[in-house]
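The chains carry the letters A, B, C and D, assigned in the order they are written, with residues numbered from 1 in each.
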Amino acid sequence: MSSVKFGKLDFASPILVASGTYGYGHETKSMVDVNGIGGIITKSVTLHPREGNPPPRIAETSSGMLNSIGLANVGVNEYCKSKLPYLNELNTKVIINIAGTAVDDYVETLKILESAGGNHVGYEVNISCPNVKEGGMSFGVSAKMTESLTSELRKCTSKLLIMKLSPNVTSIEDIAVGAENGGADALSAINTLVGMGIDIKTRKMKINTTFGGLSGPAIKPIALANVHKVFRAVKIPIIGLGGISCVEDIIEFILAGADLVQIGTLNYREPGISIRLAEELDLYCRDNNLTSISDLKGLAEYR
Amino acid sequence: MIFNELAIVESTEEIASNTFQTFLKSPKIAASIKPGQFINILPSEYWDKMMRRPMSVASQKDEVISIIYKVVGEGTELMQNWSLGDSVDLIGPLGNFWDGYADKLSILIGGGVGIAPILNLHNHLDELGEEKVLIMGARNSSEHFIDHNPENGVYMTTDDGSLGIHGNVLEPLKIALENIDIQNVKVFACGPPAMMEAVRQYSISEGIECDLALETLMACGFGICQGCTVEFEKKQKTTEHSYRNRFGLVCMDGPIFESKEIKSCHL
Amino acid sequence: MSSVKFGKLDFASPILVASGTYGYGHETKSMVDVNGIGGIITKSVTLHPREGNPPPRIAETSSGMLNSIGLANVGVNEYCKSKLPYLNELNTKVIINIAGTAVDDYVETLKILESAGGNHVGYEVNISCPNVKEGGMSFGVSAKMTESLTSELRKCTSKLLIMKLSPNVTSIEDIAVGAENGGADALSAINTLVGMGIDIKTRKMKINTTFGGLSGPAIKPIALANVHKVFRAVKIPIIGLGGISCVEDIIEFILAGADLVQIGTLNYREPGISIRLAEELDLYCRDNNLTSISDLKGLAEYR
Amino acid sequence: MIFNELAIVESTEEIASNTFQTFLKSPKIAASIKPGQFINILPSEYWDKMMRRPMSVASQKDEVISIIYKVVGEGTELMQNWSLGDSVDLIGPLGNFWDGYADKLSILIGGGVGIAPILNLHNHLDELGEEKVLIMGARNSSEHFIDHNPENGVYMTTDDGSLGIHGNVLEPLKIALENIDIQNVKVFACGPPAMMEAVRQYSISEGIECDLALETLMACGFGICQGCTVEFEKKQKTTEHSYRNRFGLVCMDGPIFESKEIKSCHL
């Protein structure tokens, strides 16, 4: 696999694993050569530890799943102490996903991570988690708030700063432009869609918080549309995700305008999928005489 | 050490009404799995659902494990239709395992599809020559495949009285506990939530040590999705995963929990 | 099947067929007892005939499909001449779906239909079709425009006036309230989600208009969430739709707050599905001692 | 009259490389379907895709129809795996049918999976005792299952020359047209878009009457979704569906169109 340029960085493979779907990279190490993954984006970390939402937190849907984990995580201090050392040993690129409820939160979390001296190459900022009552999501739906959050974070780091966008908006382009204007290096699209389910036997909501995030192949067409809209709206690189389950999906995302992709839900079913698809992508490039898959970026033709 | 192994289907048999036992040749998992642990199964190569199907291991011998399952939906229907020689994608061994049976009288309680991990422990105690009682609950006789044999500490119960003791598993449990110092007893149970909750509450009220194997929906089975939570009775001390102090992960911290550790078996 | 009350009307079955997915009711008559369907919502009709979008107009997705038909239709005058007479003969409730690009359009279309003297019980107003360039969709994303369109239409008819909402918005509640304030009798939710697909062999968009509407079971969790949000926001009745494929889905929609439901995409695969599910719903009511399925409206319990 | 009929699988045979013929007992459809029409198939009860799979009918006799298909994806793989006696959900007959062969020399051209409706017309002309030429194109000999027999007006072509005429179907078409008044000829073709487009353009340039059976994605197959459009060369006169004046529906107005009626066979 020829490497893929992304801003100032080279990624050995364009296939990363999505936040919340690969833990801290060590859970699968007996099954998967984790260093073969293009990059690991860790589970959202917040300033303070969060115990997450009460069960039930997940439900199965047609070609997808609902989740409402509620950003369960150890908190940034414990993260620096117990997660970073292992992450530092990895030979793949680590991107730390952070979440918060107010600008100060995000900024403080980022500062603590910056001073911890990890080998991580950057941050992905979750402004789009639909499952936390107190906020977070409010950033994701406002271009102005996204812009100011981005510019505050920009001041604190020279590492890769990626804003992760929500599809649950009327115009994702506006939010994307806000993040670009705020100084983001790149954008990830998309986070989950707001969904719901009811257990008809108990007549109770299937997810504790009523609404959960829908992920998986069901949302792929929506994710592709959003990636393409973002591609037309901004000049910075894009990481595409949402429902990727096969190499054809990856090629679609790149043709739509993505530079890199992330695999989320499918990691649960097949922990080694990102390695398998990287091999298949290699074959595809060879069969199609591409020096790099990046050659296809944004090449989808209109009819 | 967790493996992602392609197992080979050796045989499938209907052992009770709508209940099947399938033997799978899975050398790595068979060599390392312990009674109480489970595997996570991709029912078919073309499986279009996001979640594998978790199944407790019911027996393990040489390179072969078995699972016992009720056909309740698409996944288990596919399993039942596996052909001899098919290869099946498994992840395992997963979760914790039965423990603390060494110097005690073990009372094993299984109900419904929860019989698999109980049977595996039963086999294990047989091999160790440990003393034990086996109690199996079901709605009616067609769901049972073991003989009611109280003299040898094997009790069947049925809700409709069609086999063994008429009633639920608490009846034989009380019989088994007669004239015994409860300090020397440990209960191991797995079954439908209502049955386990009854056992859990009884064990707490009587002060009996009791471990329960829980079931919940699982997206991954190996600690990543954080979807499979059970609520603890009180906050646990900080562990490697300190954010689990209020909620435990059934796939990693469990599936086996102490009865007094958790709030309820209804997940 | 005990009938279901909906505003001032009684529907013999709560299961209707969605606009654009059952033609004008006669295409399936050799396969299905069309009069057994709770109601037929006809394909969107516009003031002038529309030839629709060039091919390709449809694509298959995981548990769903994309479409961009572009409101191909005969126009309201021809509709009154050639479609209404047949529709008038049906013994099921007919609701005419209308679409337009400006308030005047919609109003004029409605007036022509009103004066044609059909037996139809009402109108469903498509303010949410994502596949028409010139507009229509702009109503669906603005609460204010929805309100004024609704009140203009309200003046022209005393028949059932149903506004059909789009899920492609930040807050569907706002639009729902706009429609309620404008005088709508009821709301339908949801129309399709914006999606995209790329043929990786030709590298061309799978849908002629780049973006198409995603429908089918893939979107059911999103549809349910939107129906429940609308249910909490307004007092008027709701018709739920989006991905319904089995009787359990129907019960979920009703528990979420719907009074009636519509079946869309699944009609293509099984033209008689609405009849089959009505029978299964009858059995469900009997088994659960319900005098009417309406007893379950909005009963989903929070955790 | 369109039926939604449960058919019974009678047999499946591999008639050429990766090409299968399945016979289905479907009395209502068999009694009314005409050569050129198609059926829309639900490949399995558990089919989770939204679209059925359309297939032309390759033969019809008494209560039985047959289809001929290449296995190209999940739907056709399921079909190939149907067991004898399985019941299969069909909708049909759908679409228009071959016509205008009465007083003409019919030249039948089939390629790839487009052979099915051509074969059915061939059978029909046989029964009627009508004069005809049959031309079948393929990439190589393994895809053919009919003998090359130019003396009797049966031509096979292969792209690699491994059977019959080396080249495409236009070669034998030209041979068949030698010394014949093109006013007395009609071409009927079905095959891959590139082949049909070549035939279409040739037929227009030579002024030969030519009907083509097109393929496109179909969500319904019976005129409701409006998804299966082909663009007309010029606007058609207003019909029952006047909004079809620029675009025809392949499922209802087609699948068979006159070559000069449509813009292109590439849909």
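Just so it is clear, a contact is a pair of C-beta atoms (placed from the backbone, for glycine too) under 8 Å apart; a residue touches a chain by one contact, two chains touch by 3 or more.
Here the structure is a predicted model, which means the values were calculated and not measured.
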| item | value |
| --- | --- |
| Distance-maximising chain from chain A - centres being C-alpha averages | D |
| Distance from the mean Cα position of chain D to that of chain B, given in whole angstrom | 56 |
| Cα-centroid distance, chain A relative to chain C, in whole angstrom | 34 |
| Gap in Å, rounded to a whole number, between the CA centres of chain C and chain B | 47 |
| Gap in Å, rounded to a whole number, between the CA centres of chain B and chain A | 36 |
| Junction residues of chain B, two or more chains touched | 48 |
| For chain A, residues contacting two or more additional chains | 54, 56, 62-64, 216-217 |
| Pairwise touch network: line, ring, star, complete, or other | ring |
| Every chain pair meeting the contact rule | A-B, A-C, B-D, C-D |
| List of chain D residues in touch with chain C within their complex | 1-4, 42, 47-52, 91, 216-217, 219-231, 240-247, 267 |
| Chain A to chain C touching residues, read off their complex | 54, 56, 61-64, 66, 141, 168-170, 193-198, 200, 202-205, 207-212, 214, 216-222, 224-225, 228, 243, 245, 248, 251-252, 255-256, 296, 299-303 |
| Of all residues in chain D, those that touch chain B in their complex | 46, 48, 74 |
| For the chain C and chain D complex, residues of the former touching the latter | 20-23, 27-28, 30-32, 43, 49-52, 54-60, 63-65, 67, 69, 72-75, 78, 82, 216-217, 265-272 |
